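One chain, chain A, links the two complexes that follow: it is found with chain B in the first and with chain C in the second.
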Partner chain A sequence: MTLLENDMGETFVLFELAGTTYAVPSADVRQLEMIEHITPVPNAPDAVEGVVFSRGQVIPALSLRRRFGFPKVDYDLRSRLVVVSVGERSLGLIVDSAREFKRIPPGSISPPPETIAETTGKYISGIFSEDDRLILILDLTELIANGDEIQTESNS
Partner chain B sequence: MGQNEFNEQFFEQLLEDYFAEADEHLRSIRRHLLAFEDSLRDGFEADRKDINELFRSFHTIKGISAMAEVSAAENLAHHLEGLLRSLRDGNTGLSQDSLEAMLAGTRKLEQVIASRKNNDPIPPINAEIERIEIIHRSADQRGKAEPQQPGTPSRSGGSIKFRVFFEPSKELAARDLTVTTVRERLEALGTIEGSKPVIRGEGKIAFEFVIAVADGSDASGFDSLRDDGITVTAYMEDGPAPIDGPHDPDLADVEHIRPSNVVRVDLARLDELMLIVGDLVISRAKLSKKLAAVEDLLPVEDSRDLHEINQSLEKQLRNLRDGVMRVRMVPLAEIFERMRFVARDLARDSEKRVRIDISGEDTEIDKLLVERMVDPLLHLVRNSVSHGIEEPEDRLAAGKPVEGVIRLHAATVGDSVLIQVSDDGRGVNIDKVTERARDLGLLAPVDGIDSDLELLNVLCSPGFSTTLEADRASGRGVGMDVVKRVADELGGSISLETSPSSGTSFSIRLPLTLAITDALIACVGEQRFAVPQLAVSEVIEIEPGSIRTLENLEVIEYRGRALPLIRLSRLFSMPGDGRETVQAFVVNEAGGAVALTVDRVIGQQEIVINAINDPLAKVPAFSGATELGDGQAVLILNVSEIAKEQRTK
Partner chain C sequence: MITTETDEQTLSATLQSLRSIGSRAAAIQRIADEVSDGAEEQVSSLDSALSSANEMAASLKETAAQAERVSNASERTVSSINETAAAIEQVTANNTNLTASISETASAIEEISASIENVSNSANEMSSSATETTAAMNEIAASIRSVKDDTESLSTSVTETAAAAEELSRSAKGLTTNADDLSVAAEETSAAINEMAASIEEVTAMSENLAGNVEEVASAIEQTSRSIETVAQNSSRINESAVAAAASSHEMDRSIRSVATMARDASDITKRLARETEEGGSKAQRSIEGTSRIRDSMQQSAAVIKEMSRRSNEIGGIVDTINTIAERTNMLSLNASIEAARAGDAGRGFAVVAEEIRNLAERSARATADISKIIQGLQESLQEAVSTSNEGVRIADESGRLAEEGMTGLEKILAGVRDAALIVDQISRAAEEQITAGQTVVRAVESTAALSKEVSAATGEQSAAAQTIVQSATGMRRTTREVVKAMNEQGRATREIIKAAQSTTTVANQVRKATAEQASSAAQMLQAVDSMRRGVISTNRALVEQSSASDQVSKEAERLTSIISTVTRAMAEQATASKQITVSVGHMRLQSLEVSRAMEEQSRAMREMTGASADVSTQVRMITRANTEQASASENILEMIRGIRQVAERNKIGVEATLTETIGLAADAGEISRILEGGKPSARRGKNGRGRNGQKAEKPKPADGNAQSGSTETGPMID
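Then we have the complex of A and B:
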């Protein structure tokens, strides 16, 4: 049990993407950054917007809009790079905005309904509903592990 | 940390030290054995100094193998030590047989230690030990001396023995009290006769040493050990037998190894240091940039002062960088000497006569680069022995000396290191290579090989080998393609010269270090790219009128030859900035020179190379990314990959 995970539940970083709220475990988030310059990497997979330096390390910046098949929008002051670490890997997720932390009590997360769009469905590990909104909890391991697939999609 | 965990970590560290130390001694052993060989050939007696050094090395390996519980190595080293002892005492003369036995034993010793390191099964050592014992027996039969089997205890005279217990812990380690330091201190006091790990109560590991000091010598060294909490007791002759073989009175005439002032540092720590230096270089570039921006706003004197401070900062940083780099540098002598050993073995198997000539072995290069170069050099030397150097009769017929020469040469050239492997053999048989390349489909039936560069390209193609049956010398799975790939990966290049009369020469050019390099910065459209300067032979201007199109390929005339153009804007699907006259990097690659066009070259700068490790952003065309002071990532072009990709299109 870590600091972030006590009997009150685990904390999550919430972010917005195309009007939907997603959550990733705080423990996996290394930092939140304003989006400055992203260097495009020619011939990299489509969803990879480019690379950035984060704490002296070169990491890929992944456009979640492109990853999930949402239309592209220009970055603005609210756009954020959510830098996550999964195992040995670190990468940045480009999202529309990220402003909230939330503690979600255990047992209140339900499995994702089968009706979620096919593209994002496999990256959703659960759903938490609160008042009038739904929060989709992202499965980062799945999101990143599918990297090989993005690679082949773009190369074919 | 629990005791078990500590023990585990402790043993890991102990093993690491063991491998490093064993390696050092094995290297020294190889060198001295080769000296033996020379003496034997020239009909001289073996040098006493060589004998003593060898004896000491085997003795140390025996001791440290016992501590690391590698009993096969301990046993083998023990027998080798015995052979050296009787050689020294004149019971055995240096003969081809005894040399062969020592060489075979050393090779097996290396294998045993390597197997332990890789957690492979330990190979049997019986054959080598048997061989050594035969020599002992024949020495006995000649009756030159009383039989002295290795391992027979001999009398110790005029010395006092102590038993020393040392129980390592992390607290003691923090005070620099480790098995290694304690052993060094003991070595300075006297002769260590035995050492072994013992498990004490509560599963703690301790080390027991038995040490002999000359009677009447100064015992104050033991007091300082006692002060450090190490148990020292008198060793009773009627107590338990010495743990590790006999006391060797003759060791006394071998100089004691004094604790040296050499520090062994983990390469990872140096990497860390290099990263910090890299960060500093970037911060300085930022400072410089900001300074230029505000320069006009400042009074002239202030601006000039700041400028000067910035300049001395740059110089100091360069010194710091060079200093850190120097720590990482090791001379090439070690691997060159190893090649001598390899060539010798191979030549003996093939009945050829080969001598290795070494020059420039003091040339230093990054430790990491040395390690990566071992296999490529092994391959080149094997190639020279098996393909290059002719059979003795062929050499005589060609008017060459019977003994073939393989030259290993190294030199520092500017910011790079040149390593050459040359032989005075028959040269590469171009007809044979052409034929085989056509069979393999590497060359069209009508194509030939017109230059050394084309030849190199064919030789470096994966799967190419002219010897169909893999012989011991060359067929070890490492091909020229691997040599080329390693050179590429290290940011270097390789070239070849060959002729039937003067033999074959491979030259490998490598950067001094991997982390920082000088680069040219160029623009394509709005994006900047860096190109390591070592990879570029020239920057040229290209007028639109000078470009010819052959089928799908654009070429320009360059020094009387057609030079293919690779337009980076096209390759990367990026709009250029629309200018007509572009600039290009001329890059010499194994497949022929190519020109990579960019919009313009905007500068030259020292860059810090950061690897791109994530599979999502890893693209063969880029070897990493750097930062030029503004926080933005700038991709570093991997020119040889780009040229290769283009060729295969």
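Then we have the complex of A and C:
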């Protein structure tokens, strides 16, 4: 058992997107970055804004808003690029803000409701209820899989 | 008097009509006077005609009487002539008887002669017969004496007749003279009547003219009456308006007073306003100054705000920086936490530190967020302040401009208010003056109202008077028509008179002719009478001779008687005596033959006389007839003249009435003129339009102004 997983649960990085708080396991997160400059690439797949240069790597920047069908907003000081990597693949997720680091006991994570499991279930792996908010546990595999079209040269 | 223009015009028009009425009335007066004069002349000439007709009638009557007398005398003459004739007849008869008895005597004497022998027997017979003879002789003598008397009386009658015939002749001559005079008078009368006719024609024409004028006047009077009615109505309307004017003048007075009060108030107000405006001016001045100070301070504050804004912007920038730092710190701390989590246990302390850092960054971020909010609020406030101060500056500028304008306006207002104050002062003074004027107006209007009432009453009286005038005009019309009728009647009567005069002239001529004839017949009669007289004289002589003869006869008879009585004594002388007797008888016979001849002559003369008397009678009858005709004609003339005179009298009366009416009319017209001209109506007149002093109309001076000058004697006129 790593520090990431103990009795108190796994650590997540919480970010907000369109008023909803999502969580990604912190193990999947490589780093957080400010959105400084995204270089647009031609023929990019949908919701990919472009590429960024991060820690010597060129990674695609995916707008989760666009991916999730939310309307696009301007970037501000709180906007973050959440660089996640699953396996060999890295992806930058553009979110509204990412300011929390939380440990969530796994027992308190509920699966997504069945009615929406078909569609949202692809991205949401669970729901955590806290005081006055619901935190949606994000499943990165689908995102990563969809970001599969972009083959980065730096992937080795 | 308060009158409208139309009322004045109506009044002046009425005035004009009345002037013309007055002048027409004067003309009528003059005409009427002329007519009156003419009528009087008529009357006097009619009177003279009447008197001359009366004279004529009297003379005709005299003539008639004379003719009557002549007729009677001639009748008497005729009767006496008849008597004489009868007497002569009787005488003749007697003479015849005488002759017969002489014959008898002769025969008796012859018998005597034959019967001288029977003398003694028949001496008594002779004696008785002589006595008889003597008686017869006496009778004869008596009869002859009676004849003589008769003849004397006849002579006297004849003398009377002659005298009467002379008288007749004289009277016939006189009659002729009278007839000439009558003829002349008739001609004069005819001429006078013609003149009269001409003058009557003139008068008729004048009367018709007059009638026309009267019609004009009457219609003018009616028009006047109507216009007086209109004036009366207008007067009452004027009265009403005067009353209304009085009321409204009171109102005006009240309103003037209220205006004066208001003017005084306004004066006070404007003075106060002037003061306040001055104050306002100084306040505006101060406000302007204040505004510029405000502006200055606004600008200063704007500058300060800008500075503040800049500073806050700087702060904002710094805060942004701090915020960025906080974010980065947060991010870094998160990254650190992630790495620490990845590191596991080794990174536990690092994770705590990262957590601390994250908290600090969070606090910082919150603080900066607060600061940012504050800064934003401040920025907003500053923005507001800037805009407000800009607004304020704008407003201050505006206010300054407005204040400037206001100043200018206030100055204008001040000037205006000062002017207004002056004007209000003037108004106030004028209002005070108006009050007094209003008082005057009120008094004037009140007096006007009273006057208009009087005028209304006067025009009411005028109206009544006009009605009277209208009636007088109607009466005048009627009178004029009657005058015209009378003139026409006069004309007709005059023509009748002329005809009558002509017939009179004719009759006079006839009379003259008749009188001439009379005269000639009178002369003839004179001659006849002369011859009668001569006859009478001769008869007388004859009678005297007769008488003497009869005396002689008587004597002879006496002698015879004596002779006869002496026959008895002297029968012896019978033969001689009878011869003597026979001779005497022969003488007697001769004498009786002479007497018979004389009787015959007498008879002839008597017949002549009878014829002459019959002629005279006839003449006298003719004269009488002519006289009667004349008398009746003169009666007719008299009647006509009387009638004419009556008419003339009526005329005169009518003319006088017309004159009186006309003068009254003129007086009325003058009255009305005076009244309309605004004078007081004069003292009340009597009825029937007598003059102002109630005296009969006097003739106007004929040389007075003509109708156009419009002056009459009965009233003042204005031009």
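Assume the second predicted complex is superposed on the first by the 138 of 156 C-alpha atoms of A that agree within 3 Å, B and C clash if a C-alpha of one lies under 4 Å from a C-alpha of the other, contacts with A are read in each partner's own complex, and residues count from 1 in each chain.
By our rule, a contact is a pair of C-beta atoms (placed from the backbone, for glycine too) under 8 Å apart; a residue touches a chain by one contact, two chains touch by 3 or more.
Please read these numbers as outputs of a predicted model, since none were measured by experiment.
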item	value
Chain C versus chain B on the shared chain A, clash or fit after superposition	fit
First, second, both or neither for A:Ala98, with chain B first and chain C second	second
First, second, both or neither for A:Glu114, with chain B first and chain C second	neither
First, second, both or neither for A:Ala27, with chain B first and chain C second	second
Greater residue coverage of chain A in the superposed arrangement, chain B or chain C	B
First, second, both or neither for A:Glu36, with chain B first and chain C second	first
Chain B versus chain C as contact partner of A:Thr11, first or second or both or neither	second
Contacts of A:Arg80 with chain B and chain C, given as first, second, both or neither	second
Lowest inter-chain C-alpha distance for chain C and chain B in the superposed arrangement, angstrom	17
Residues on chain C engaged by chain A in the complex (per definition of touch)	320, 323-324, 327-328, 330-331, 334-335, 337-338, 340-345, 347-348, 351, 354-355, 358, 362
List of chain A residues in touch with chain B within their complex	36-37, 39-45, 48, 50-53, 56-60, 62, 89-91, 144, 147-148, 150-151
Sites on chain B touched by chain A in the complex	275, 278-279, 527, 571-574, 610-617, 619, 621-622, 624-625, 627, 631-635
Chain C contact footprint on chain A (complex, rising order)	2-4, 11, 13, 26-27, 29-34, 77-78, 80, 98-101
